[in-house]
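The two complexes that follow have subunit A in common; it is paired with subunit B in the first and with subunit C in the second.
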Partner chain A sequence: MTSSLLHPPAHLPPSVALHLSQQAPLLLQNHSTSKLPISIPFLSTSETPETWAILENLLLSCLRTGDDKSARLCVEKLTERFGEENDRVMGLQGLFEEAVAENDADLEELMAEYDAILKENPTNMPIAKRRIALLRSTGKLEEATVALVAFLDSSPTDAEAWAELADLYLSQGLFSQTIYCLEEVLLIVPNAWNIHARLGEVIYMSAQVSGESGIEKLLVDSIRRFCRSIELCDDYLRGFYGLKLTTGRLLSLLPQNFKPASTVINPAAGEPAPPTLAYVQRLNEIATAKLAEIVRRSNAGEKGWDGYEQAEIIAARALLDKDVAKVEK
Partner chain B sequence: MTILSKSLTLVGSILLFHACYSAHEHTALYHTPSSSALSGASRFTSSFRLPLGSQSSSSSQSAAASTSTSSSSSTDLPLDIILETLLSVLVICLGLVLGANELRPIAWRVWAGQLERTKGASAASGADKSEIAAGNPFRALEERVGFWDVRAQRKDFANWVRGGDPDVKVD
Partner chain C sequence: MAQALTQTIYRDPALFYWILFPITVVMILTGILRHYGTVLLQAAPKKEDIKGRRETRSLLRGITLRNNAPVLSRSSFQARKNYIIPAYQSGQFLKDPDAKGQPPPNPMTDPAGMEQMMGMMKGNMATMIPQTLIMSWINSFFSGFIIMKLPFPLTIRFKSMLQSGVATRDLDVRWVSSLSWYFLNLFGLQSIFTFILGNDNAANQMAAQMAQMNPGAGAGGLFAPGQDPDKMFQNEAENLEVLEHWTVLDGVEERLLDDLDIV
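Our next item is the complex of A and B:
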């Protein structure tokens, strides 16, 4: 359980977060008693690099579950160790203030505080991110977008910020901007298989709302992204799910107006030729087989196959069942 | 597997120690008589003069010849010590290799697949544990702790508690 405190708890289900935050009083108590009255460098082993990571993640868990007392203790300990002026500590303090803010006036006051800090030191990244997050949280999506674009102008290699901007654009329904941002993320971390899958999903979404004209090209793009995510990660449920969904959609479109040579290919731009019908069919078959295997092995509880989330397994099974029902009809 | 590797390493170490000790004893045994014989021979031929003296070059040559013949026959390490040394090193190597942790995947997709497929520390062994518990390192790009919307998270959690999930009452 302590090992799970070593990693940011944002994705954990509520029950686990509750469990973690319930350990907080005990952990904080241990933390204070193990400290010597005089700190002797190299001799006192009370401080390890993990100590502070655990404390920070504990803070996040406590804020989420509403244990503000423990959260305040965490912030105080971090402040005591790293000082008031530390960027990261300032960000965490801001996070805490946001969590305990009771009304909009508090939030506005906090916003003014963020602005003042940034005026003094514009390179305080954690505070700049908190400011954008607060703008978004209070529903000012456009302001948040503008601020985030300015942030990325000054720090264009921040993959987290690019991913946030993509999410922000997606929440406003701007698909092409979202795709651009996700491609920027992939420039920074080209091996992130989940971002490849995410990009495939976004392209698929944009294909769903686009007219008849460009839908095939978008679907082919989406298939390519999912294929890449599978290439980077064996047995990637999300990738195979997307592959099956997109190839199925493309197959349902293709027979009506099947002319693979009709799309203009520009070899100079490095654009690959669209796949043939047989190829798409094979991809669909592979994805179906692989999804069936994953669902079967995960449900059987085989050793080393227990890491998939139950909701994902259920969704995959539903997709497979839908396919079977269609065939039977 | 660990007991086998440990015992192999132990046996190999004992053998190696024994071989070293034998070699040491062997040189201790044979060094003194040969040097005394050499000094006796030089005393006999050149009467306490240094063997490198100009007038006794022939005698020094003969002394060198006598040492070389005696070393090849009696002061060389016997074959059994050499064989014991080689064997013990091999056994130690075998023990260490057998006792090594499970190899981690070299191929990116295998490694990534392992992270996605397995949960926590249940399946992994050794140094892999914490890595697998961490899961996909790129998930941070979808969580974005820096931009964490703490108020929405608190609201979600409160809703979950009110929803009366049975998990709440476990502890």
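Our next item is the complex of A and C:
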């Protein structure tokens, strides 16, 4: 179980998080820090970076499951080890305070505290991020966006911040800004298949609201993003789902005798030529087949196929069922 | 034959207790002291200010853009290029845009450079002073003693290594003088320090000398001191300008179909 504590528990299912945080008292008890003023390796128990990573993840799990007592212990231990002034510890302390805050007045107070810290030391990234997260969670989307843009101006290589900004923009319905931010994330982590798929989803969404003129090009872009994400990660459910959705939409748009439209996209601009109709059809078929396979095998609980999230499987099945219904009609 | 004759020297056993043993203990203790001294002398890493961070990371952004350009479609890449290249060329990301075009500061007068040199000085002092003291202590108290005999024969070449301070031509190489014992300790205690102090200790002066040989190897950082950031921005702008862009999205559907059809 310790091994799963080593990984950040952001996407743990609730049951696992609960299980982890239930171990907290035991782990914390074992976790005695040496009382020697200086560390002498062969006299004190060795501490590894993992020790502290585990403690940090334990803190997050405890906060998720509402075990504030263990969380406080985690924070205290981390503070004891790294000192009050450590940026990261300050961020975790802020996170803890936010979690146990009972009313808006508490949060306001925290906000003022963050502002004071940042005024003194504007390079404190964890606190800057906490401040933005707090702004967002208290509903001040615009302020959060402004703060995040300022943050990214001073630190434009932070993938996490770019992803957060993309999410913020998306929640406000600003598609082109979202796409820009997601592309920035991809520049930093070029092989993140989930971001490729996410970008495909956002492009698809923007295609839904765009006028008739640009929709084909957007759909083609979206298809390409999904293709890339599947290329990077075999059997990626979100990728196939998106691929099926986008190719289906494109096929419904195109007349059957559609020629690879050189009219839509100007080859002189250097854009790659759109795929031919046959390709789109083939992609749609493959996506459908793959989705069906994933749903079937996952529902049967086959070994190696049980890692999918239940909600995603249900959504995929719904999509497939809709297709079947249409055919029957 | 020289080897056939075994030289016998009757040594006072007190030599062992009062010379060999003290030298070893003193060497280990100095090593430990040096380690903690260095730890204490080390200046806390200087906090970079927000402007400096912006400068470094903006340049880094250009580099990642250049390296990972294929994930972008052509139009997105073009848009980024149109934004970043003029910004680089006008020095928009520089720590202080006014200093653009001025010669880089002299490292001798640059306070940041001075600080670095102070750090190096401190490190050197922490190695030099104890070494000198102990060497002179041994020289004045114990020079000229033969303190032990190695249990194995050696060739004549080792004579200068094992018998420094004892100028006797005919003495067998296996006899070790006190001064040589000091040198052997100086170079040979690394594993003991590793045991006591952990892996990255500052006790051994060999490691310290090694670090002096190539300074900056571990320092990292994008900007070496004395380098003009503006030049680096101009360079990067040029690199981006000439970059021939291709995109990974080209023909991805063909690749994917080929891939999936085989399976």
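One rule holds for everything that comes next: the second predicted complex is superposed on the first by the 305 of 329 C-alpha atoms of A that agree within 3 Å, B and C clash if a C-alpha of one lies under 4 Å from a C-alpha of the other, contacts with A are read in each partner's own complex, and residues count from 1 in each chain.
To be clear about the criterion, a residue touches a chain if its C-beta (ideal position, glycine included) is under 8 Å from a C-beta of that chain, and two chains touch if they have at least 3 such contacts.
Since we're looking at a predicted model, the values are computed, not measured.
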Superposed partners subunit B and subunit C on subunit A - clash or fit: fit
Which superposed partner A:231 touches (first subunit B, second subunit C, both, neither): both
Touch count on subunit A, higher of subunit B and subunit C: B
Touched partner set for A:283, first subunit B, second subunit C, both or neither: second
Partner chain in contact with A:69 - subunit B first, subunit C second, else both or neither: neither
Which of subunit B and subunit C A:296 touches, first, second, both or neither: neither
Contacts of A:81 with subunit B and subunit C, given as first, second, both or neither: neither
Which of subunit B and subunit C A:308 touches, first, second, both or neither: first
Partner chain(s) touched by A:326 [first = subunit B, second = subunit C, both, neither]: neither
First (subunit B), second (subunit C), both or neither touched by A:126: first
Subunit B and subunit C, minimum CA distance [Å, superposed model]: 11
Shared subunit A contacts, counted only where both subunit B and subunit C touch the same residue: 231
Complex interface listing, subunit A residues touching subunit C: 38-42, 121-123, 153-157, 180, 183, 186-188, 190, 196, 221, 223-225, 227-228, 230-231, 269-272, 275, 279, 282-283, 286, 290
Sites on subunit A touched by subunit B in the complex: 3-4, 6-8, 10-11, 14-15, 17-19, 22, 60, 63-66, 91, 95, 98-99, 101, 125-126, 129-130, 132-133, 136-137, 159-161, 163-164, 167, 185, 189, 191-195, 198, 231-237, 303-308
Subunit A contact footprint on subunit C (complex, rising order): 36, 47-50, 53-54, 57-58, 60-61, 64-65, 68-76, 195-198, 247-257, 259-260
Subunit A-facing residues of subunit B, complex: 108-110, 112-123, 129-130, 133-136, 138-154, 156-158, 160-161, 165, 167-168, 170-171
